[in-house]
Amino acid sequence: MVVEFSMWPMVGASVSEHVAKVIKMVDESGLPYKVNAMGTVVEGEWDEVMGLIKKCHQLLAGQAERVITEISIDDRKTRSNRIEGKVASIEKVLGKEIKK
Amino acid sequence: MVVEFSMWPMVGASVSEHVAKVIKMVDESGLPYKVNAMGTVVEGEWDEVMGLIKKCHQLLAGQAERVITEISIDDRKTRSNRIEGKVASIEKVLGKEIKK
Amino acid sequence: MVVEFSMWPMVGASVSEHVAKVIKMVDESGLPYKVNAMGTVVEGEWDEVMGLIKKCHQLLAGQAERVITEISIDDRKTRSNRIEGKVASIEKVLGKEIKK
Amino acid sequence: MVVEFSMWPMVGASVSEHVAKVIKMVDESGLPYKVNAMGTVVEGEWDEVMGLIKKCHQLLAGQAERVITEISIDDRKTRSNRIEGKVASIEKVLGKEIKK
């Protein structure tokens, strides 16, 4: 499944120090991922993806009194390599490259 | 933590038969919960809440080729009974009851 | 359409003073709504609902350097009174009342 | 402000034909944007971004009986070029490039 998540430690306007620690943890997980301006997209089975998100969330919960975590899951049977594949299928319909 | 989730089996416009099965599973979990028009709010520790959401998601993934699941987590240290408590704290600031 | 929104002014762990102002604005809008622990559900046409959410967002943006706003829209043709109706249709399938 | 949105026409498992029309509309808007596997990130003022999202949503609502639209807004005062800038600030903290 493909999953995007965002984490907001409620510590004030600036959170990049905290978010960087999360991205480091994602990078070390070995799961395929891509970071965008609003979240991180990861691909894998439920337990590997949600296990990683739990670790990231708990890292921040250890540093901030309150953490908001948003998770969106797109689970489609029999498909894989969807981080690249979903965007490619849009490009195929449009017949041209899009900004990504 | 307090968690709201919504699940969208991609089977067409009508999904209430599927959603009802999810609510039944939530009800049987024993965790405190409330259903609203856009999702279900559950309260508990990470493993109990996310374990329940995994079961609900997999129930739908067994019935639909594609399932979209949205999860929002509000994790605030040292607070509990927040399904009722968060709304009550707004009412306290406003000095009156609100629609809920 | 039925819309749920949540707003997080990035000012620290406690945000109920800010959220109360938003709920007051929703209440004064005259649109049907219900508040739950994770957000506020409002029903109406695009311009009335999104106009209200814009006003709420800008109220908070005037008070906090950074504001995160999450919006979920469920737009289903030819249906109305869905704040009550969606939950009622689940209860009808289950044949009993659910916690709401 | 930076905004990510996703739209799910409830027409079955395959939605790329519909999503391609939305991306075309975003591309023609002239607003800065990037598409990822789970959504489209756009940057601009409230009225330009939400005006675009309204047009995209209504395009799909004209083609499907039911459409689910998810919107996340990150509004931070005095910042611009944040589609690139937010990721760059994480890379700066980490001292290395990340996958994006």
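Quick notes
Just so it is clear, A, B, C and D label the chains in written order, and each chain counts residues from 1 on its own.
Operating definition for what follows: a contact is a pair of C-beta atoms (placed from the backbone, for glycine too) under 8 Å apart; a residue touches a chain by one contact, two chains touch by 3 or more.
The structure presented is a predicted model; accordingly, all values stated were derived computationally and were not measured.
Ranked by distance of CA centroids from chain A, the top chain is C.
A comparison of the C-D and B-D interfaces places the larger number of contacting C-beta pairs at C-D.
Our note on geometry: chain C versus chain D, Cα centroid distance of 21 Å, whole angstroms.
With centres defined as mean CA coordinates, chain C is found 15 Å away from chain B. Chain D has its Cα centroid 25 Å from the Cα centroid of chain B.
Under the contact definition stated at the top, the residues of chain D that touch 2 or more other chains are 13, 65-66, 68, 70, 72, 74, 76. By the touch criterion stated above, chain B contacts chain D in their complex at residues 8, 10-13, 15, 64-66, 68, 70. Chain C contributes residues 2-4, 6, 13, 16-17, 19-20, 23-24, 27, 33-39, 41, 70, 72, 74, 76, 82-87, 89-90, 92-94, 98-100 to its touches with chain B in the complex. The residues of chain A lying in touch with chain B in their complex are 46, 50, 54, 57-58, 61, 65-77.
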